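Got some structures for you, see below.
In the two complexes below, chain A is the common chain; its partner is chain B in one and chain C in the other.
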Partner chain A sequence: MNLRPTLNDFRLIGWGIGRVVLSVGLIMAVPLATALICGEWNVCTDFLIGISACLIFWLGTEITCRVTLDLRVSHGLVVVSAGWLFAMVFGAIPHYLSGHFSSFLDACFDVMSGFTTTGLFLLQDLDHVSNGLNMWRHVLTYAGGQGIIVVALTFLFVRTSGALSIYLGEGKEEKLLPNVVNTARAIWMISLTYLVIGSVFLFVALKTCGMTPGRSFLHSIWLFMGSWSTGGFAPQSLNLLYYHSFTIELITMAIFVIGSLNFALHYSVWTGKHSEIWKNIEIRSFAVTALVVTFFVSLGFSKLGVYTTINEFFRKGFYIMISGHTTTGNATVYSSSLVNEFGVLALWAIVFAMAIGASAASTGGGFKNLRVGILIKSLWLDIRKMASPDSAVLSEKVHHLNDLWIDDPLARSAALIILCYIAIYFMGGLLGVAYGFSPSVAFFDSVSTGSNTGLSAGLVSPVMPVLLKVYYTLSMWVGRLEFISIFALIGMGASIVRGRKVGGS
Partner chain B sequence: MKINVRGRRIFAVITVAAMCLLLQTPYCRGTAAAYDTNRISISELIDEMDKYDGMSVTVKGEVIGDIMIRGEYAWITVNDGPYSEKNLESGAEFSGVSNIGIGIWIPSGDVYSIKSVGGYSRKGDTVEVEGVFHRACSEHGGDTDIHANSLKVVREGYVIPHPFSYFKLLIAALLAGISGLLIYVLVKRKKKYTEE
Partner chain C sequence: MKILHVFKRSRKKTDGHGKSDGYFLEARFGEWGYYLLGIVMEVSMVAAFSLAALLVMIIVKAVVT
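So, the complex of A and B:
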């Protein structure tokens, strides 16, 4: 029986959302400090307004949604899905006030793109934005990479029962430690350690490239955040092409490959289980698909003959392919080059890589290597069963931290999520085609948004139709949260409309 | 006779001047025509790389970001989209496009004429660059770039004024006041619940 949510349910969800919004306000302190140091006073007021708005919302929920109940799984999932939408709206305030967005919808698109580590943007005149706003763009994607909920869990859900449901609702299935709050803190510890190491490497490289120490410092942090979170944001409109540096491309590639790995795998390796790297199904799945896609990209390149040397292939074809496969979106070519200089075969090979995406419980998006690995193993098991006598007992397992035996429920859940992803990719592609874009461009950008990649073949722009902006924003949100918490939100909506009143006949 | 001599001199001067003008005019026209033929927008270059690959082109736009000196040569980035004329920080209208720029590989000695580089606080110098366009430069790992032969600063950049917005400050103060009030209410309520 479907029960209509009670006022207490709404209060509980409102209370949780209030804490998520407060975490957005907390992380605004970083760009505020940047703007203060750089003497960008108008930018400071933009962030003060943003922080105050978050604070008012949180206080409002604390006052009006006080309830003594504990969060259940259903509440947790709705807190996550609705919390991300609220976080987007409040996060868009400094964006909109900056004067670089022609509408609030565009600002929301960019914030969702940042939080979901997609990396596409509708911001106009990026090359003239303030350091404060650039810091906000990159902090958004860095925080989003760990998960907004992970941010909230670290500080704001301490000693809260039901924290597990909130954690799981953000598309993370593994816990690093028995306690989710400690897990959230461990995720932050891993990310911050890499932030320091990666930024130092990038700073040296940028300084060697001829940038001033101050600019090198800021760009090193921003490039790290954009790469580690597999967001793909960069401080200049030319993205990685701006730097004309093989060293920087190499460092960023290493960062986004490491960032695309499962946090549980990171923790496992950190705690001494080095062999996990070679045994893990996600690493193996990633290696195989990357190899296959590399083959097709090189085949495409050989047909066109634009990039002819191994150096060019590595810096353009391989870099973009790995950037797409890890759902990062850092680019060393123009958007139009993905169509004109790469050719159809290489372009669709990258679409395939983006669709698969990165590891589960990582900063990346897409189907995830784990699900692809499970599905392939399950398929292999079925083939073996068909070729064997009826009496034969066959089994297959995958190794992901522990051995997982392949059974029907596991294969079915992997297949279901993959089908959901294909559906959002397909609908977005059709919508693009309906608006007159070529199928290659429309499907490329649709897969890029749904898998939270951020590469664009030229469709995403500030002048694209409003419906596409809305669809892509939702597609990024749905893709990042991996459907389950979205289904919970839809289910709650249905319960409000059609559910039976509690206590009613 | 004197008049005749003076008249001849005036005639000669006028003739020479006219000839100079006649000679000069086609030359000027020729130069302008040459510039017009080769000057191209960066967006057109990017959209039709195949057509312009290896050709000598002239682009005009704002220098933005950084001057990255790498030994004898340096990289600069030149933007020529609508925001290179007037950017949003200077109060431009939305044009609906992102920045459109290209990397220029230029002898280091030539970049010292650039005094202002564009960013949040500065409008960069507007430069005219003549050089060879590469769709996939073999020297630079396949980058799309222009190897400059000459650079001319045609308009100097300037500091972009950012007058402080007291209106925004007022809004921020108002919201901070509301926050303070709500904190007071929350503390009061918590106290009440604790007492109960």
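So, the complex of A and C:
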């Protein structure tokens, strides 16, 4: 029987959540500085209020929740799952104060969308948003891409035992280095290096398009952050369509495909294991599924006679497909075009790509290529076993940094997580259908939120039903954290109600 | 630059002495050249993959129409 959590357990979890909220307050300094430089004084006030709220909450937890216990795995998982919810609420303060949202729920939806690198938004009049708020939207998604916990680990959990448990709770199963804090720093090292390189390329491209240097600078950083984190946020409501530039589409595509790779793979390639990029099961799995989806998208387009030139196919079909598969959500077509022009075959092929998603321990969402690779190999092993004599000893392995031998526990854990994803996709789709949306639109947007993609067929808007807003917000949260830490939170709730009291009978 | 230190230490563990293994970029730019080589390889992967997708599209279009 489970033990009921003690007061010290709650205090320890509260202390951890306080640190997570403090990290949200710290990253608010970036949009605050942007607003100050741009002379947006009202926006400065919004962020000062947001930072003050985070600091007050953190101070409150430091005073009331400080205990000498070490974080155990169960504590860490609850800190992560509950910490993300608290981060959403505190992160939504500047959003709501901006006046661009019709309710606090809408602001929470956008912040969860940012943190989970989804990219859907309910913000109104995006084209006239202040630079400070736009910076906050993109910093949210950039920080969320590395993981809020990674941000907190980098600065706020140094020399804290149990740091590993909260790192693992955020859906990252691999450590780049033996020390988890150094792992968090290495993740930042990779992201910041790409931030510099990607922003320079985008700045040159935007400047060439005729933008002023100041705007080019801000847009280059924002586009990079939106692409690298596979978030899909962009500073304009038309997303990538606004720029009408093949060069910018090409650069952003390279950024989000690279951004969707496993951080452990980046680290491996950067530190000498060059062949890993061709041997890794995630790359191979991604290549196979993406080419299969490309085949169906091309078939759909050819049958309908749309986007048939190489230029059109690459900029519309392939870009959207790869944006969906990497769970980015950058778009070069209108939402209505997805339904009215793509046709059923191409639309559902993209739904399939979004459902699979990107690499494990990356900025992306979805089932993850690693799990798909493991499941396919496992299936292949079962087929071989069926076709072989009983006495035959057969084995299969996948290469992911090291050779992993396929066994039942590995295949079962991959299948279990995939089933959980299918469940949230399916429930969201049914909910959309129940509200009167067509199955294609309802399932497209449900898979898009659950896999943290951000493409929309038109369902997600400020006027959608409240229940759908709540469901999609939860779906983004659950999908990003990959279920385990959510199960831990539910388990803790059950222990409070039904657990045995410590020391009791 | 504690983060950089973490990377350098790890890199030295990889090849024993942190010496060049013959790659031009690493020999020319040191540790950062090594990272740059990693970035070049990742970009090459994206390029190869995009070309493969274009090839698929061209074949499908040719067959269907």
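Methods note: the second predicted complex is superposed on the first by the 505 of 505 C-alpha atoms of A that agree within 3 Å, B and C clash if a C-alpha of one lies under 4 Å from a C-alpha of the other, contacts with A are read in each partner's own complex, and residues count from 1 in each chain.
In this text, a contact is a pair of C-beta atoms (placed from the backbone, for glycine too) under 8 Å apart; a residue touches a chain by one contact, two chains touch by 3 or more.
All of these numbers come straight from a predicted model, not from anything done at the bench.
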Touching partner for A:T247 - first (chain B), second (chain C), both, neither: neither
Of chain C and chain B, partner touching more chain A residues: B
First (chain B), second (chain C), both or neither touched by A:S336: first
Partner chain(s) touched by A:S438 [first = chain B, second = chain C, both, neither]: neither
Contacts of A:S495 with chain B and chain C, given as first, second, both or neither: neither
Chain B versus chain C as contact partner of A:W270, first or second or both or neither: second
Partner chain(s) touched by A:H100 [first = chain B, second = chain C, both, neither]: first
First (chain B), second (chain C), both or neither touched by A:N42: first
Residues of chain A at both interfaces, chain B in one complex, chain C in the other: 308, 313-314
Interface residues, chain A side, partner chain B - complex: 40-42, 45-46, 48-49, 52-53, 55-56, 59-60, 62-63, 66, 97, 99-100, 102, 121, 123-131, 209-212, 215, 236-238, 241-244, 246, 306-309, 311-316, 332-334, 336-337, 340-341, 461-463
Touching residues (chain side chain A, partner chain C) in the complex: 177, 182, 185-186, 188-189, 193-194, 197, 253-254, 257-258, 261, 266-267, 269-274, 277-278, 283, 287, 290-291, 294-295, 298-299, 302-303, 308, 310, 313-314, 317-318, 322
Touching residues on chain C, where the partner in the complex is chain A: 2-4, 6-7, 10-11, 14-15, 21, 34-35, 37-39, 41-43, 45-47, 49-50, 52-54, 56-58, 60-61, 64-65
Partner chain A, residues of chain B touching it in the complex: 46-47, 49-50, 64-70, 74-75, 77, 79, 83, 87-89, 92, 94-101, 103, 105, 118-120, 135-136, 138, 140-145, 160, 162, 164-165, 168-169, 171-172, 175-176, 178-179, 182-183, 185-186, 189, 193
